[in-house]
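Everything on this sheet refers to the single structure shown next.
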Amino acid sequence: GMARIDAGRSVRCGMPEVVLAEGKEPEAFAEIMLAQVKAAGRCVATRLSPEHLDALRARLPPDVRMEHREAARAVILSTGDEPVPPRGGTVAILTAGTSDIPVAEEARLIAEEMGCEVRTAYDVGVAGIHRLFSALKDLIPADVFIVAAGREGTLPAIVAGLVDRPVIGVPVSTGYGYMGGGEAALASMLQSCSVLAVVNIDAGFTAGAFAAQVAHGGRRE
Amino acid sequence: GMARIDAGRSVRCGMPEVVLAEGKEPEAFAEIMLAQVKAAGRCVATRLSPEHLDALRARLPPDVRMEHREAARAVILSTGDEPVPPRGGTVAILTAGTSDIPVAEEARLIAEEMGCEVRTAYDVGVAGIHRLFSALKDLIPADVFIVAAGREGTLPAIVAGLVDRPVIGVPVSTGYGYMGGGEAALASMLQSCSVLAVVNIDAGFTAGAFAAQVAHGGRRE
Amino acid sequence: GMARIDAGRSVRCGMPEVVLAEGKEPEAFAEIMLAQVKAAGRCVATRLSPEHLDALRARLPPDVRMEHREAARAVILSTGDEPVPPRGGTVAILTAGTSDIPVAEEARLIAEEMGCEVRTAYDVGVAGIHRLFSALKDLIPADVFIVAAGREGTLPAIVAGLVDRPVIGVPVSTGYGYMGGGEAALASMLQSCSVLAVVNIDAGFTAGAFAAQVAHGGRRE
Amino acid sequence: GMARIDAGRSVRCGMPEVVLAEGKEPEAFAEIMLAQVKAAGRCVATRLSPEHLDALRARLPPDVRMEHREAARAVILSTGDEPVPPRGGTVAILTAGTSDIPVAEEARLIAEEMGCEVRTAYDVGVAGIHRLFSALKDLIPADVFIVAAGREGTLPAIVAGLVDRPVIGVPVSTGYGYMGGGEAALASMLQSCSVLAVVNIDAGFTAGAFAAQVAHGGRRE
Amino acid sequence: GMARIDAGRSVRCGMPEVVLAEGKEPEAFAEIMLAQVKAAGRCVATRLSPEHLDALRARLPPDVRMEHREAARAVILSTGDEPVPPRGGTVAILTAGTSDIPVAEEARLIAEEMGCEVRTAYDVGVAGIHRLFSALKDLIPADVFIVAAGREGTLPAIVAGLVDRPVIGVPVSTGYGYMGGGEAALASMLQSCSVLAVVNIDAGFTAGAFAAQVAHGGRRE
Amino acid sequence: GMARIDAGRSVRCGMPEVVLAEGKEPEAFAEIMLAQVKAAGRCVATRLSPEHLDALRARLPPDVRMEHREAARAVILSTGDEPVPPRGGTVAILTAGTSDIPVAEEARLIAEEMGCEVRTAYDVGVAGIHRLFSALKDLIPADVFIVAAGREGTLPAIVAGLVDRPVIGVPVSTGYGYMGGGEAALASMLQSCSVLAVVNIDAGFTAGAFAAQVAHGGRRE
Amino acid sequence: GMARIDAGRSVRCGMPEVVLAEGKEPEAFAEIMLAQVKAAGRCVATRLSPEHLDALRARLPPDVRMEHREAARAVILSTGDEPVPPRGGTVAILTAGTSDIPVAEEARLIAEEMGCEVRTAYDVGVAGIHRLFSALKDLIPADVFIVAAGREGTLPAIVAGLVDRPVIGVPVSTGYGYMGGGEAALASMLQSCSVLAVVNIDAGFTAGAFAAQVAHGGRRE
Amino acid sequence: GMARIDAGRSVRCGMPEVVLAEGKEPEAFAEIMLAQVKAAGRCVATRLSPEHLDALRARLPPDVRMEHREAARAVILSTGDEPVPPRGGTVAILTAGTSDIPVAEEARLIAEEMGCEVRTAYDVGVAGIHRLFSALKDLIPADVFIVAAGREGTLPAIVAGLVDRPVIGVPVSTGYGYMGGGEAALASMLQSCSVLAVVNIDAGFTAGAFAAQVAHGGRRE
């Protein structure tokens, strides 16, 4: 279980090659992706617009496979057929509502790319506490929990009060009015009396990668 | 490595009994502490003022032991002599500067109370990168890293770029001027392109408890 | 159950004469209080400092009774002995922690001055959900609930999810770090998916007076 | 007039089944709605875009009735013909200007769905105080008042100064410039020296549901 | 009634010599004041602490007269006995509460130093509208109105709705909780549907000087 | 020069009938306008979108004259031909840049509707100080100055340092980046050491109406 | 190396004639540009939309040359053929990611227009520190460094820790979530323990012009 | 004039050894200072409280010289007598008011420690433009200008409009009310249409060190 120090890219900033599409010109984006998949054999992009997808499709060489994960607003390019090698570790992902699912799916994609098993329970925040209890039962083998929630962002604290594993809160930019862009959720998670760690609003990528690092923990030895 | 669902208090809100002294009347605080130590055998308080300490001292019964951890602004009450039973897992704690040490010490106290080994490297942010490298070498066996930093709060991202274990950033309320109460550090950690999870400004307690939950991971099986 | 339109003072700005001590010079404050009690027979002051109390004591005429409600940081002056006439209606007041009690006590004082019965359950937020359930059982006859909570301010939403009467959330300025002055609690109450109405941070007076207006409702006919 | 504790959904988060359309994919939204109306016989959606409406229309089975409340940006689905059973209680709704009407209409719809009688007086803020007085006369039998206002948000406090029933302020996101998205109105309602409770900016749903809970009060016995 | 362009100091930054004491070392402050009174014959200081006053007293030469205006937290130094020459124009100053009086008194002092007649009506915000009406009657000859108010800051808009002369709103930093340092009052004045101009929070000096400029208008011809 | 108290609409909230188009449904807007012009003979609308204009055009009866002031984003409806009767008083309006002109033109329109003469000098902020001086010379007879400026909003303070008449600053929402929506300009005007009164960001209407009230002053007697 | 005082335009607000297109009507913009190029022989516009470009193209006289710098969102008009005369001095420009390039290109254009040599190294923030080192080697002769970075904005501080010349940080509005519009980057640069000066978010123009002023320094003698 | 890359401490974070006293325990602070002066021969501390000074005095060994710069809230320790070797370059420092002088003096101390000549002109913001002109004449040989200003922070932009050398704005935390802690000054400097670079509020150290780096420029060759 020893950490390694490494100055190379794949350790430095998230493990798979992951490109943040948002904010990049579609053509420049497509070229970066193709260069990455050539160099690394596999490459993921998140927060895609339809324009990014079109630019990628228009330039895709025959020997590169492209998998579009619509629910995650993501795409995976690969040159080979071999699946991601499992590294052990299970990540549980819950959402409070249905609007939180795209962020949760982005987290799932990254955790799976990092070789973890992922179990999910979506839209368990508004239904009665019984539904949350039964959802949690299926997630028991998890090493770590990701809980995504918008508006007041309460669900992560409730989950953290029920399990003894680390819980990562992801504030989601649903809601309207005062601090309705995810800020209320972020604030309430940071102030929570439960033990929670937090990532940026809508940051499915960071939550997934951090959770995978936690989940690897016990399997490395 | 299975998670447990539990609705009892010691799971719900941090594992040891930990009382936040700040914001409580000293007398009420002292009574809460004594009630807790009677019930649980051991009890910790954080963010103590001298008045809290005085109130505790004035009411301390002969059969309760009190340990004052000045650097952590904390106190431990206990009725027995047995040390905290080790649960395995190692937590590394780094600080960027000397002003971040009280927050780091609070994190350390909680992680130790939860049975983890803790290794520290303080004030490694301003010195050259070589000092950080050599500090990291001593911390290699850690399962998880806590990095506390004020002002621009860069150190956690740098550490996360060098190790492959989870890194928890703790923004510290040092600094002055624009967003100088820890907000700049919080914002830069949340926006970091490195993979980081974050806790509230100055939240040594949360960082320590969350890190211990991570560190327990591999040892539970 | 008909509302009355009235342009007189006792309707316009809260029903008993209530003076906000904070921000007033102690001497000026004392004179205002004595003028009010002379005119109205009874008068309340909230958010008192020791200086306000001293100034009042120094000027108190023999025929004015003064009752100091320390836990509520309030004082009641009266010229007669008759208690507040009951108007019917029951208000339940809960707090998440012990730091929220002064705000809750201020709400209680006002609701009682307005002729309501008040039942309280303090510090029920952190203890297990079972304690909250049993606390709620004692409060069942209430017409309306006031729930005061600091930090992430979750308790009001939980209570609103369990009872079918109106629930008023009062954010409290406990907590530290990011939005730790009650703003996180305010934001999470406003964003809550539960049905809640909210008052200003620490506004025990407004919560108590509003709740009394609700509680009067069914009894007026 | 006793409160009931209930962990089921219809108590927990507003009484009728109400779906917040905003932030949901139109197709997913339509499916949720149809599932709900099947299960509960009646179902409401708020904050609809034209796309949500189209998706609903395209999937509407012949045995489900759809009522579009354009002014409220809402829709009601039902499988039967029976109207909402009256539960007693009257809610008065006022707006300061014409831009506040959609929010007021959303509140009205929810209060009516919860079995209350609703009386309205719109655009009474800018006209002289005489128009407000005569408008209030028609609303006298109300158990509770909802007052929606944008820009500086003064009207709720004025109404609260004139009637002795509870007044709920709803800040509306009209206005421009500094805090022109409803924040100035929210702030001035929270700081008001009149006795007011407040809901989120534009939160017609919450205001209507809370008011209905208040209005039920006296009729339950 | 023609404006004059002038690059000299007495036009550039307020007309009398006015020194802002706050933020200056007491000794440096006293020396600045004495230099100014020597040069100009008359000199005002605002926002004084007791330390500033002491430093001034300790250095006061026998030929300089010092007038302490405690309610305005101000002091006037002069070398001669002649009063301020009247320039015509009347300024009305109202406050909503008693806490707003120091700011109003600062405005009054400046307007009087600029040769205007000043009429005041303090604490007319909370009492019934009748008291405001009768207060306004005494102020009718005014050329311009200054209205100081804290908390929700509504009074200036009400006054502007009743008179046809210019109304200047002064937000005051009384209040607590959300935007309780005068920000709510500032925001509601800026968003007001009445015609208002506004100055900085607590800026009695600016309000007084601006009002005097307005009041001079009709008298200059 | 005596002020009049009046509870009627034309005094209460700006003098001509002025409708704020923004935030109103185009059809509802057109109907309000036509009702107003019928009742008052003349009526102005500000902050128009092309949709508002189209709706108005489509419904315009033959006996109503419509004047579109494009530069001011405004429209004037009238039933007669008589021009606005002059009431005396001159308002000077300056802008720092060309982007501030629409706001300035809105102010001009209102001041003219209130019977004032208006003189303008636009885009005098960036050119050398000599251009500002010569522009000011032409504006000398003004009773009051309106100065509109975006970005850092410095021009109003410079003008206030050069003339002895009241200067009203209007922050404009040009600029980008940090506080680039007019907030930096608002803040710098409020903090100005020059004597300035301020209105909301982009609030040409308020600036124009307030300035006209000032300009009327000397002419009323 | 002596500074010159000059009140003329070309010194006052940046040296070449530079027009900020954003916020100007396309037609008005085109006319301003053509007037400037007539008067000065050369003229630059920044932050262009396609509409600005079209308006310019439609009005371009045959004797005016137009150079479109797409990557910089800028355009250069000139009447002659002579290139910008070199004034000596070298400016280095780095970016953390590819999204920061438009801002960097705007800075480059201005610095070149002011007669400086410019060297660039783009997208060196995420790759390993080795790539930054080798990039810096090529930039060694620079007199001053501009470093543009979004999200957490760390790169400027890292560069400032490695070189002994002045480093100017430019926060860029990439990123999402909490303070994701460049505010986190701005805050972290202002709080940096490295020696940095900062310009507004996305302010390539200011960075380029300031850097050219620094670079001229040593060459003026 | 070539830049050097260096990973050692004296390049990384400002050139002299400078310790930020604020936020450090006095005893710990004193020990750090003594260690530094032993190692480096010379050492500076800024933002000292009287307690820091006392702790230093109590521990000062006979062979260490201590120079207290009260106006700069700073102290210099040295073991030898040799003065700072001049490196060429002149820095001009201006302040708008007298409250800005401590920040300006901190900047001066650092620039002098880095071997620059410093010329100052304090309190030139409020006096007429003529005084600023004559002050600037004495500062003409400067390579770079530092301008410190609180409240609206206008002076840096005015200076930048008059000289052709780089101007660094330092916002100062004087002022009260809205954004009165230096934020208004910061915002107006960042939004300035003049060419300015900016440092953190009150950051005299950063301004001085950055200016010295600029001033060294032309002298290095």
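Here the chain labels run A, B, C, D, E, F, G and H in written order, and each chain numbers its own residues starting at 1.
Here is the rule we go by: contacts are C-beta pairs under 8 Å (C-beta built on N, C-alpha and C of every residue); 3 or more make two chains touch, one makes a residue touch a chain.
Note that the coordinates shown come from a computational prediction; the quantities given were computed from them, not determined experimentally.
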item: Pair in C-D, E-F or F-G that repeats D-F, with over half of contact pairs matching by residue number; value: F-G
item: Between B-G and C-D, the pair with more C-beta contacts; value: C-D
item: Rounded Å distance, subunit A centre to subunit B centre (Cα mean); value: 26
item: Inter-chain centre distance, subunit B versus subunit H - centres from mean C-alpha coordinates, in Å; value: 36
item: Chain centre separation (subunit C, subunit F; CA means) in Å; value: 45
item: Multi-partner residues of subunit H (each touching 2 or more other chains); value: 7, 12-13, 126, 177-178, 180, 183, 190-191, 193, 200-201, 203
item: In the complex, subunit G residues that touch subunit B; value: 125-126, 151-154, 157, 175, 177-180, 183-185, 187-193
item: Residue ranges of subunit A in contact with subunit G within the complex; value: 7-9, 12-13, 22-24, 28, 32, 47, 171, 173, 182-183, 186, 200-203
item: In the complex with subunit A, residue positions of subunit B that touch it; value: 1-7, 11-15, 133, 136-137, 139-145, 161-166, 168, 190-191, 193-201, 203, 206-207, 209-210, 213-215, 217-221
item: Subunit B-touching residues of subunit C, taken from the complex the two chains share; value: 98-99, 126-130, 150, 174-178, 180
